[in-house]
Structures are given as C-alpha cells and as structure tokens.
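Here is the structure we will look at.
Letters A, B, C, D, E, F, G and H mark the chains in the order given here, with residues in each chain numbered from 1 onward.
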Amino acid sequence: MNYEDLGYAKVDHHRAERTGVGEVIYGQSKTPEQITGIVSAMYGRGAENVLITRLDKDKFNELELPCGAAYNETARIAVVNPVPIERRGKIVIACAGTSDLPVSEEAAITAETLGSNVTRLYDIGVAGIHRLLSKLEELNDARCVIAVAGMEGALASVIGGLVSCPVIGVPTSIGYGASFNGLAALLAMLNSCASGVSVVNIDNGFGAGYQAHMINTVK
Amino acid sequence: MNYEDLGYAKVDHHRAERTGVGEVIYGQSKTPEQITGIVSAMYGRGAENVLITRLDKDKFNELELPCGAAYNETARIAVVNPVPIERRGKIVIACAGTSDLPVSEEAAITAETLGSNVTRLYDIGVAGIHRLLSKLEELNDARCVIAVAGMEGALASVIGGLVSCPVIGVPTSIGYGASFNGLAALLAMLNSCASGVSVVNIDNGFGAGYQAHMINTVK
Amino acid sequence: MNYEDLGYAKVDHHRAERTGVGEVIYGQSKTPEQITGIVSAMYGRGAENVLITRLDKDKFNELELPCGAAYNETARIAVVNPVPIERRGKIVIACAGTSDLPVSEEAAITAETLGSNVTRLYDIGVAGIHRLLSKLEELNDARCVIAVAGMEGALASVIGGLVSCPVIGVPTSIGYGASFNGLAALLAMLNSCASGVSVVNIDNGFGAGYQAHMINTVK
Amino acid sequence: MNYEDLGYAKVDHHRAERTGVGEVIYGQSKTPEQITGIVSAMYGRGAENVLITRLDKDKFNELELPCGAAYNETARIAVVNPVPIERRGKIVIACAGTSDLPVSEEAAITAETLGSNVTRLYDIGVAGIHRLLSKLEELNDARCVIAVAGMEGALASVIGGLVSCPVIGVPTSIGYGASFNGLAALLAMLNSCASGVSVVNIDNGFGAGYQAHMINTVK
Amino acid sequence: MNYEDLGYAKVDHHRAERTGVGEVIYGQSKTPEQITGIVSAMYGRGAENVLITRLDKDKFNELELPCGAAYNETARIAVVNPVPIERRGKIVIACAGTSDLPVSEEAAITAETLGSNVTRLYDIGVAGIHRLLSKLEELNDARCVIAVAGMEGALASVIGGLVSCPVIGVPTSIGYGASFNGLAALLAMLNSCASGVSVVNIDNGFGAGYQAHMINTVK
Amino acid sequence: MNYEDLGYAKVDHHRAERTGVGEVIYGQSKTPEQITGIVSAMYGRGAENVLITRLDKDKFNELELPCGAAYNETARIAVVNPVPIERRGKIVIACAGTSDLPVSEEAAITAETLGSNVTRLYDIGVAGIHRLLSKLEELNDARCVIAVAGMEGALASVIGGLVSCPVIGVPTSIGYGASFNGLAALLAMLNSCASGVSVVNIDNGFGAGYQAHMINTVK
Amino acid sequence: MNYEDLGYAKVDHHRAERTGVGEVIYGQSKTPEQITGIVSAMYGRGAENVLITRLDKDKFNELELPCGAAYNETARIAVVNPVPIERRGKIVIACAGTSDLPVSEEAAITAETLGSNVTRLYDIGVAGIHRLLSKLEELNDARCVIAVAGMEGALASVIGGLVSCPVIGVPTSIGYGASFNGLAALLAMLNSCASGVSVVNIDNGFGAGYQAHMINTVK
Amino acid sequence: MNYEDLGYAKVDHHRAERTGVGEVIYGQSKTPEQITGIVSAMYGRGAENVLITRLDKDKFNELELPCGAAYNETARIAVVNPVPIERRGKIVIACAGTSDLPVSEEAAITAETLGSNVTRLYDIGVAGIHRLLSKLEELNDARCVIAVAGMEGALASVIGGLVSCPVIGVPTSIGYGASFNGLAALLAMLNSCASGVSVVNIDNGFGAGYQAHMINTVK
C-alpha cells in the first residue's frame, strides 16, 4: 500500500513518485501530536527536507521531532531533516511593501528547499515605480517571477507587462477596510490587464513558491 | 420658494447659488416626458448649458426640447441650450484602454461644459507602462488628474505615485468574470498604495468630471 | 517612439520585444472600427498571427481587415494574417464537461497560435473519475496542464494531485444558482488542496493558454 | 401542555414523539446555568442520551448536571445520562484531511448516540486520490455517506460519483484567504457535478450526523 | 472501456452500475447537436428513461432523437425512450407558493422517472400556516420530504420541525431585491433551526428529486 | 376548510379574519391563467378590492377577470372588484427623486386601497435639503412616514431625525455601479443613525404601504 | 442654540421636542469620559430616564455619573436618572431561542423605559411550532409584535402570517457558518412572504423597541 | 540612485520631488525595528515632519528614534522630527458622531502636518440636522470639506448638496451588524446623490487629509 494509515492521517508516501515532491505538511490546524506523528512516519521512510508550513514558533517548539529541523520565523516554515540540495535556474520574488515579507519569505524558503535559486526584490511597489524600473534586468533574467502584493495588488500587472516569463501573483491580506483581508488584491490580480499572470490564494506564498519551482524546473 | 414643484419633480433653482453649478439631470430612469418637463422649467428660468447624463440616443430623440442641444453619443450626454464658456486651468483625463472611452468622455464633456480645459490621454494602461511614462510632462502639468480604468484598475495607483496634484479614480465596468462589473477596479482604487487618490462610483465619469472641475477652479 | 497613437488606442509595437508576444486585441468592448484600426496599424508593421479574442461572429464579419484571417466560432477567436508556425513541447487541456468547450478551445487556439502543441482531453469531470484516470499517461507527458471546469471546479485539484508539472485552473461560468457565474469554481480552484495549482479569471481561456505557452517554452 | 416553560427556554418534551429524536441542546450561546436548567428539566422527564453540541470543555466543567455525562473533547459534545443503545445499519464518514477531525467526530458521535453504526475514513482527500480509491468497498457498503472537507471541498463530488447511496456534504472552515471561512467549500458542494449530494451548514457535523441517521433508519 | 468518446463528450456507460442510475444529461449549455449525439450513444447501448434536464421547449424541438420522448414544459425535462417503471415508497414534495411550481415539478418528474411515488403539496407556505398544518398526516407518511421555497425559505425549517423523516430543502430564485436570486432562501435553509434538513443548490429540483429517490429506496 | 385548493394554489380565505386584510396576489411569477384562477376563487367568495401587485400591463391585459378592475401603470398594480372605502388617518410618502415614483406609487395605491389617506411628497432628496425642510409641517402631521430612496438612501435617516412618528424606509434599485441594484440604499437604511426607522425589501413599495396602513390604523 | 457643544459631542437638547424622545447614547465606541460628559450635560438640563445602549458592565462601572442609574447586564443598557413612568398599550416581544435573550431584553428595556407595556414570549422558534401556536391569544392582543431570531429567522414570517398588527423583525447574530453573523436571518426577514413585516439592523434590539413604542403610542 | 535599499525596504527619497510630499510610513504591519530603520534612513537625509500612521501607542514606545517625535494617541500618528510649518488655506473636517473622532483626527493631523489650516466640526450627523445647518457659514468658507461618517454615511451627501467646494467622504467602521465594518457607509458615499463627492477607503483619515491638502494648495 502506497500510504500509511495513522488513523487521523493517511501519509502519502507515493506522492514524491507521482508529483516529484513529497508530502508537505500544512501545520495550521493540526495539533503538535499530529504533526509529530506524520513527520515521524515520513522520516521512518527516509524523507528529507520535509516542509511544515504555517507553523507558529510556539507550536514548532512543542514538536517532538525524531531528527533535526531548520525553522524560519518570518516564513513560519520548518524544514525537517534538512539536507543540502543543488539549486537550479532562477526565480525572482518581488513584493510591493515591507509588510509583504512574511508571505514573500514563505515563497522563497519553499522554492529554495525544493531546489530553485531565488532572487529577492522587496518593497518595489508601484507607488514609486522607479524602484521597480531599476530592476528590469533582474526581472528579465528569471524563468519565473512571483509578484507579492496587498492593498490594490497592482504589482502583478505592471511586472506582467514587462517580462517574457510566467508571472504568479500572490495577493496578501495587507491593508484594511475595503481590502477585505486581501480580496481587493486577489480580484485585481485575477483581472490583470497583462497577459501571462496567474494567481494563487491570498497569502499563499507556499503555493506560489511550489509552482514557480515546477515552472523553473519543467523537464 | 427656491424650487419649482412639477409633482414628479421639484426643480432646484437654488442649486447654482448654493453649489456653483445648476441642477444636472440624471437621465437614466426618467421618462422623456419627465426630462422634457424639467428642462423646460429650467430653461424658463434662463438656465444655460444644462447637462443631461446617461441619456441614450433614442431617448434624446424623443425629447421635446424648448431650445437647442448638443448631443455626444459616446459620452451619452446632452448639453441643452449650449453657450460658449471660457475654459480655465487644466485637467488630464487618462484611461487604461480603448474600452474605457465612454466613461472618459463623460468626464471630459462634463468638465468642459462646466468650464475646464481638458487633455485626453487614452489607452495608456499599465500593461505597456512605457506609454504612460512618455506622458509624464502632460501629467505633471495638470491641476487634477482623472484616472479611468476597468479590469484591475492599477492605473490610478501608478499615476498617483507620479504626480503632485489630486487624482480621482474612476473604476469602469470593463472586464468579465471576477471583475464583477467593476467591483475589482473599485476595490483596487480604494486600496491604492499611492497617497492622494480618491474614488467615485463605477462608471461615474460625470462625478469625476464634476469634482475635477471643482478642484481645478477652487477659489 | 515604440507605440503608435490612434487617439482611441496606443498600439504597443514594443510588446513583442519586451514580452516575447505581440499585442493581443481584446475584442469584447471595442467597436469594429476600432478593431479594424488597431489591426491595420499592426499589419502595417508586419505583424503576423494577430489574435483577436472575445470576438462574436457578427462583429468579426463587420471588420474590414487589410489581410486574411482565420475565425474559430467556438473559441470566438480570430487569427489575423495567419502564417504557419512550428509548434513545440506539449500542453494538455482537460475540461470537466461538454459545456466547457468554448473556454477550452479559447485556451487551445491561443496556445497553438503562439506555437505550442496541444492535446485535448474533454469531458473528463470528477463525477465519473474513471474517465480521468484512464488518461494518466497523457497527463503525465505534458509540460503544463490546463484544467477547465465550472460548477464545483474539482477537476483542478484532482489533476493537481496526479501530475508533476504546473497546473493552471480555469474556472468557467457553467452552472446556475450558487455557482454565481463561476465564483464557486473560482474559489474552489484558489483553495485547491493540491500543490502547484494557480488560477486565472473566470472563463479566461486566453490567459491560461498564454501562460501555459510561456511555461511550455520557458527558456 | 407538551412543553415546559423555564422563562428563558421552553423545553420541547413533545419533540421525540413528533420527530423521533428528543430535543438536542445547542450549547454555543447559552450560559452554563441555562444549559443546566434545560438538561435538568429533560432529565426530570426521564430523557436519556441527551446531546449537548458545541460545548467547550470549560463550559462543560461549569455545568451542574443531575446525572452522569460522557464528554468528547474533539467533537465538543456531551451526552447526558448516557445509556447503551443498539446500533443499526451503516454510515460512512469520510473526511479530506486531519484538520477536519473535529467536525467529522461531531457527526460520528451524533449518529452513534442516535443509534447508527459508523465507519470512519479520515484524511482521504483528493490530492492523493489513491487513498480514496482504496476504500471503494467500504464506501459502497454504506447506506449513507457523509463527506467532510474544507478548502475546495472536492471530496463530496468525487464520492458522489462513486457510490449509489445518498451523500451529505459538510463543508468545513478549514483553510484561509479565499476559503472565506468555509464559503468556498460550501459553494463547491452546492454545485457538485455529481447527482445525489446534499449539503449542510459549514462545520455542521451535528446536522449531517442527524440526517444520516434518519436516512440510515428510514422506516 | 466503460465510456464512449464522442470528442465533445465522454458518455459514461458505467454510471448505472456504479451509482444505480444512468447518466443524466444537463441540457442547459449544450447544443442540440451535442445532446442528440449523447442521447444516441446512450440509446445505442439500450438506455431507457434517459433524463434531459433544463431543456427549453425550443431546444427540445431541435433535437433529432433516435426514439420517442416525453417532454414536460413546466419542469423543462425530457424523458427519452420512456418505459413504464414500477414506483415504490413515498416522497412528499411541498412548495411554498404557486411560483415554485417549475422547480417542484422538476423534482417530481425526476423522482417519478427514477421509480418513486410522489405526493404533491403545493402552495402551503408559512404566511398561512394552517394550510401546512392541515397536511400533517400526508407529511408524516413520507419516507422523505422535499421542501421547495423562495423568498425567505422558511418552509424547510417548519416542516423539519414536524416530521421524522429526512427533509431536503430546495431554495428557489423566486423573489426580488434582497432575495438576490435565491441566496436569501439558500442561506435560510442552510441555517435551519430544525435538525435533519439538508440543502441543494438554488432551483435544483433535479438534485432534490434524485437524492430523495435514493433515500426512498435505500437498500 | 378555510382555504380553497386549486392545485397550483391554495387560496387563503381565512386571511382577512386572521390579519385584517385579505390575500394579496403577487403577480410577478404567476401565469395569467393562475392569476385568473385565484382571482375568480376570491371573487366567488365575495372579495372586494383585491390587490394584484407587480403586474405588467401586458399580463394585466391577458387576464380574464370575472369582474371590473382598476389598473395603475406606474405602480404596476391592479385592484380587482374595486369598491369605495372610507379612508382614515394620514400617511406621508416621501421619495428622493423622480426615478423613485413607481415604488412610491406602489406604496401609495396599496395604502389607499386598504383604507388610509396618503400625502405624496416626491423628489425631496437630500442633495437639495431645503426642499425637504420646507415640508416639515406635512411630515409632522403624519401617523407614519414612508421614505423611498435609491442611491445612498439618506432620506430615511434625515426624516427619521425630524419626526416623532414611525418611519419605514424603502430602498429602491435606482442607481448604478456600486449601488448593486439597491443594496447600498438597503444597507444605509438598516444602519440609520436616527432611531425609529425600520426597513422593507428593495423596491418593496407594497410592503411599506401595507405596514404603514397597519400602523395608521392600529386599534 | 438648541444643542450644546462639548467639542467631541454636540448634545441635541432639541430632540425630545422634535421626535418625542430625548437623545439616546450609543455607548459602544465612546470612552467612559465622553459618556460621562454627555450624560452630565443632559442631566444638567433635567433629563430623566436617559438610555445608554451597548454598554459593557466594565465600562458602566467606569462612568462617573452625576446621579443614579439602573443597569441591566443582559440587555447591556443603563438607564440614568431613572424615574417611574406610566406604561401604556401592549407590545409583544417574541424570540426564537434562549440565545436571543440579550437582544430581546435590549428591546424590552428600551420600550419599557420609553413607556410601553411589554409581554415577553421567549424560545418559541419554529422548530417546535406548537409552542408558538399556543400563544396566539397573547400575540393577537398586541398593538405591535417584535420578532427576534437568528439562524434562518423564520419566526418573523410565521408570526407575520398570524397577526393583524405590525411586526418588526430583529435578526440576530446567533448562528455560525453560513449565518454570516446574522446576514442569513436579515435576508430572510427582508424577504418575508408575510405582509406587514419590517426589519431593523442585526442585533438592533434598541431600534426595534424604539419603533415599537412609537407604533404602540401613535397619536 | 533615488532610493535607499534597506533589504526589507527601499526608502523612496525621490518622492518629495515627484509628488510634493516625502514618504509617509504606514505603521500597521511593520515591526518597530523596520520602522526605526526607515525613519533613520529618512532622517539621515534631513527629512522633517515624517508621518507614521496607524501606529499604536505601544509600538510607538518601542521605536528607537534618532530624533524627537510628537505622538497623537487619538489619531494614532507620530510626527518625527517635527518642525513648525506655515499653514495655508482652509479645510473643514466634519464628522457625524463622537465615535468618528479617531478617523477625523487622523485626517486633521495629516493635513495640518502637511501645511493646511483645519477647522473641526465634530458630531454634526444628520439625525439632528439643525446642528449641521448651524455651521453653513463655516462649511462654505472652506476650500475642501472632509465628511467623516460611519453607519449609513449620509453626512457626505447632505454636505455635498450644500457647498461649492470638493467634498471627500471618509466612511468609518463605526456601527455593527449590517454596517459590515464600514461597507454600508462606503457604498452610501460612493452612491451619493450630490455631485462633487469622492471617497477614500474605510477609516482612511490619512488619505482624506492628504488629498484635501493637495486640493487646498493646488498650484
């Protein structure tokens, strides 16, 4: 059987073979005991660089891991049984403002852990567009760009009009009032007037980093 | 009494004195008879350059006006009893795409009829931002800029970051799917990361032209 | 100057150089005259395989094109000045039901016109999942998969869990009641439990085909 | 009179006769004193296996019950004056992920307390569909299936396409961003492309368990 | 292979075996040619009583069927190759007002075609609750009740509190203003204070009739 | 039995006794045949002044009534078997603009038919508040005021702060863009900062006229 | 001048004369200092029975009142400088469940303080409709009924169909999931199929009690 | 280079030259360390009167500023390196209720810091319109009016109908239930029946003060 039944979880050992990447643990609504159990089952099969996302520092400290782990507090990600991996290609992660760093870093750590090179271009939102325009060379050198922005989310469209590689927009919940926790940025990115922009869920840095890695390493 | 009672309407002859501009007729949900009646009452008091907005060509043709009128089909505006008026200052009306012309022209005709000079910069959306950047001189010469855009509405933010005068954003209903008839652009403009941007209702070219004129001629 | 000013439009001749693909004309809210003007300007510069999307058959017939054009009624796309182009790689376009064909074909024609090979797997929705499972080989052979579905949009998640290449979800407006014109499918795809799925606007077959081509041909 | 008036509550002693099941106490917005009062009135009439749902552990500890009670922390359910009851038929409760356990257990405890046999199939979401497919025999042996899922809620549709008994979908609030606290899963399940799926409120494990028991024991 | 590939459709001949009911054709977004093709493929395999739902009279008349068909205009349903079938059990279909008849009949024809006995109780909404109360005997004799209502959708809750069998609520789009095309009734039914009520999509008479038949005939 | 069963309708002959007013026929989603049938049943029992609301002129002309009827085209109301009735008390119906006349007249005809005196104050919206202030005496003389307004719906609040009788707000669908078909006015009226304002559904002139009559004639 | 300017507040001493009821203080977003200041200004003018609504117990204890006050914790209302007042007429306040008590009591205390007699009928929701039907005499004896309900809010419609006096619906935020904090009940009440029902804001017991008093004492 | 790269931020030293006002720091989602770093970079270039908005008192106290700062707790604004500046023109800031003070003061401090004279007219909401009407002279003397209001937000429309200068509406989140955190006021202001009203985001006192200053000082 290609999965392991823990009762509260069925660990999908088959996933790496099927999708190229092993199971990633979504930490947010799981108890420390559940996460510990799943990680242990994976480690028992020899899994390396296991990602746990949306993991608060407190919950990370409650885990009883069977092996070492690297924890990034900004990105709220733990990498369990971390081993060096050769990185390929180039992904650019651009964000509009300082407040978008947590989501941007979630994307960056994800892509790096999976094996992609990442260039960070932070705080280059459209309110001061000369900052973005000064980075055209970096942007055009990428195989995929992730555009992270809250509020009106215009960054994705502007970058989409400037580059020849795929752009993945990540709306963030940064803002207030009629941002409706990221809905404004999400709708804006979905309606981008620039071609070649696709979008992931609000604050889903992980999903963007994951797909960007897939694009970066497309066979 | 400072208004005239037609039963179905109370014509506000006092408005010009109070707000500087006479009553403007919102044509959309009124019958041709009602519009004719209101215009006639105003004309009877000597009103000039009476604006009728959101007036389809067919309905315009059904009006029995007591005087001449200039009708603009793109803007869907009639100016009744048109008389030349000296234009002052400078308003720039920028729009993102060709599809935004009707709303842009509604703003332009309104502002011009009220007495402002208008410069039109059409189809300079952010998907090809060099078009916008080539117009910086025009933009910086204005006393007020109106930014008209549908889809993701990013134009307002980008212009807001580039100029030192007030920017009025007009979201349009151009788009489909998750544009939700202009909601996406509206939310985007309300959440502009650039300071100094205010917003009017979706497709409200009239309101933007009206307020821009007020700003342009602020005493 | 790298664009041409027609008044109602500023044709972006620079786009091909910047993004790898020339300007695409969004036909929906433009008049036949405007489209004719833009196409003529582009053709005057030697543009080939110019895409006009969301173009009803009636409006297509009203165009006065300076050259030949191929029109696809299901996809509502015209390709102006069509010339053969070598196709590379492989994109799979899967859709859930027969009703999703127009959006699927919009994606397919777009990607083929830009130069990608396309395999169509239509009507393989999850209500009869054996149909999908019988196509695993085809799916795993792709460099990018486009999953087109209305109603509950589950197809994107199921495919996302089965393949190792990027998946682009296209929610469609097929459905009624609480599908809210595609909102249900859009939200479902944005919340996919499978990693590696990004999403474009409701019914945006063009956007999906465009980005899939970019991924398929990433340098 | 077939109810008892406590001022703040009118205890419906007639319900068991009318609907086959006695009054169930919704614990969430009631004070411990109110719950105690209602339970005591019911116990005074000899009620057995009284369910109190959405009861936090702290509030449970504050109750002053007139008799014994079994409390399940995951399901947040207390069963007051618990007595053994013969269980009949078979309900399968399937959930997509480990995070869906609280809602699933609420359904399971409810159905078991009312007198149904329950089989639990947890963490078999569509991102690894082989897990679900390995359980086809269990699923096809049920008289009713409850499908519990958050995020995109695709589980209900996939199961609906595989079984010949009624499926009740329970969307959960698991997710973030555009899941809008379970709205995405709710809409998805309401738009299921599979026939024979009905839906209850977000996180309403109780309601699903209750109706599944009714179906399982339909006379 | 257990399905037949028509290109635009993959006819699921395996469904009857898997779910107990053969493929049902959703007529709304399909062309007459597509429907004709699918029906012909099914008829070629000997299918009887094939349901085509959401089929306008005009479209029905355009079909080129290989066999006879019974068309019900109120329900907008065609039954192709109709053969008599023994009906079992009892389903009650109650609706709140005369305007709910089309949805109610869609449910009724569906359930009857699949093989259930149906009792119709129409126009018994809660604004005159004595009408409903006069039908208690009929209601309590059913194995499943379908409650069809628009506007505030209260019928489902009131019936849910009176019967001991499962109740399926069908919100309809009858109403105006803040009914938001059935959303008000949908939300009301999802939040029913009565236990044992589940809900299908707005105007989804078919889905309710289908599941009610499953409940009525649960093995 | 206190109702009459027509199959498609159960005519509630008991309503007048119960609520003081006989059954009112909501004409919108009923066929002419159904309306004719219901009216005939009521007329057969001697009903007078039977209201049919939301009745288009065309549908009115298709009715085959057993007696005379008065039809008001603006209000889209027919009064069947009209007989004079003594009117009591005083209701003021105020509306913000000329476009609100149809809804205002629906309220006025309803209240007058039921037996209340009505004073109409039309087109006194807050954009020219001197018009409203000139009518204070009329307003303060009423036993109930109905405030009808679209767009931002401010009229209800302003009147609510000026009078000592109950105010019923009727939001109308007049407006465009972010009025969302009357939602803006509805929310505004629900959040009125003035005490003593209650609200009915968007465009529900009938409901307002009905309740105002109840208040005007409270025993 | 008929108001008193405290800088942060302009106390409206004219209101009692204008509307029949003195200023009521909305306590929720004001500081204790602000409330103290406003109350003191009113008391200085001799105001009696001053209502402060939405006042938490803690904030009440921080007030430095110039006179006595009666505080009701369930209703979160303080009555400052309470003096006996003769009560007239009869208002019935009915609520669906025990959880609706706080809102119901807010309505009751408001109406009683203003001078109306109030009869409380609590926990008579439609899931056990015999409880409601047993109170018909009480309901029919009222001059106005307030119907308080969360979840699906059906109580307002059912009562509206049974009585001949005005019904004010108060939706409450009791519920979870798709109740969306009271939106479901609000929409249901706005779409009531019973005539003569108007609605106030979610949880607005005060507004309902205020208007009910106005109706009860209409001159 | 016209900006300074701090890694987590790119400080836009060019903004003052471009827009007339230096960079303003949005304090809400930034860490004290990030704010300290940005302020220090700006101060190092000689910036004066640097605004930090949405800065809680606690976070303000954690800053390690290189210079003095004035902190306003109501407005939640710090002005770093404050220096006297000559104020010009006149802006009126009007608000509807005492609860709107924080947003009003955010607007006032912003405009004053940028160099505008501000007149405050607080608590003049439409429920007691005589308070507003007593201030007509003040209002008509302004070059721009900011209208701040929550709940139904009617203040903007009423003022818009009375003055001849531009009005900027600021909806606030004051209210509950169907105010939906300010959405009701936002929609109301966007749909103002008075011409010349534009709107900023919910609670965006800063944006209104900023644009009002731009209008007040338009060259």
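In this section, a contact is a pair of C-beta atoms (placed from the backbone, for glycine too) under 8 Å apart; a residue touches a chain by one contact, two chains touch by 3 or more.
Just so you know, these numbers come straight off a predicted model, no measurement behind them.
Steps from chain B to chain G, taking the shortest chain of touch contacts, total 2. Counting C-beta pairs in contact, the pair that comes out ahead of the other among A-H and A-B is A-B.
Looking for a copy of the D-G interface in A-H, A-B or F-H, one arrives at A-H, which has over half of the same contact pairs by residue number. Farthest from chain E, judged by the mean position of CA atoms in each chain, is H. Here the spacing of chain D and chain F, counted between their Cα centres, is 44 Å.
Here the CA centre of chain B is 35 Å from the CA centre of chain C. Touching of two or more other chains is recorded for residues 97, 127-128, 161-162, 177-179, 183, 186, 190-191, 195, 201 of chain B. Here the touching chains pair up as A-B, A-C, A-D, A-H, B-C, B-F, B-H, C-D, C-E, D-E, D-G, E-F, E-G, F-G, F-H, G-H.
Interface of chain C with chain A (complex): residues 18-21, 24, 143-144, 161-166, 168, 186, 190-191, 195-201, 206-208, 210-211, 214-216, 218-219.
The residues of chain A lying in touch with chain H in their complex are 97-99, 101, 122-124, 127-128, 130-131, 134, 174, 176-179. Considering their complex, residues 1-3, 7-10, 12, 14-15, 26, 28-30, 34, 38, 54, 171, 173, 181-183, 186, 201-204 of chain D touch chain G. Residues 96-97, 125-129, 151-154, 157-158, 160-162, 175, 177-180, 183-185, 187-195 of chain F are the ones touching chain H in the complex.
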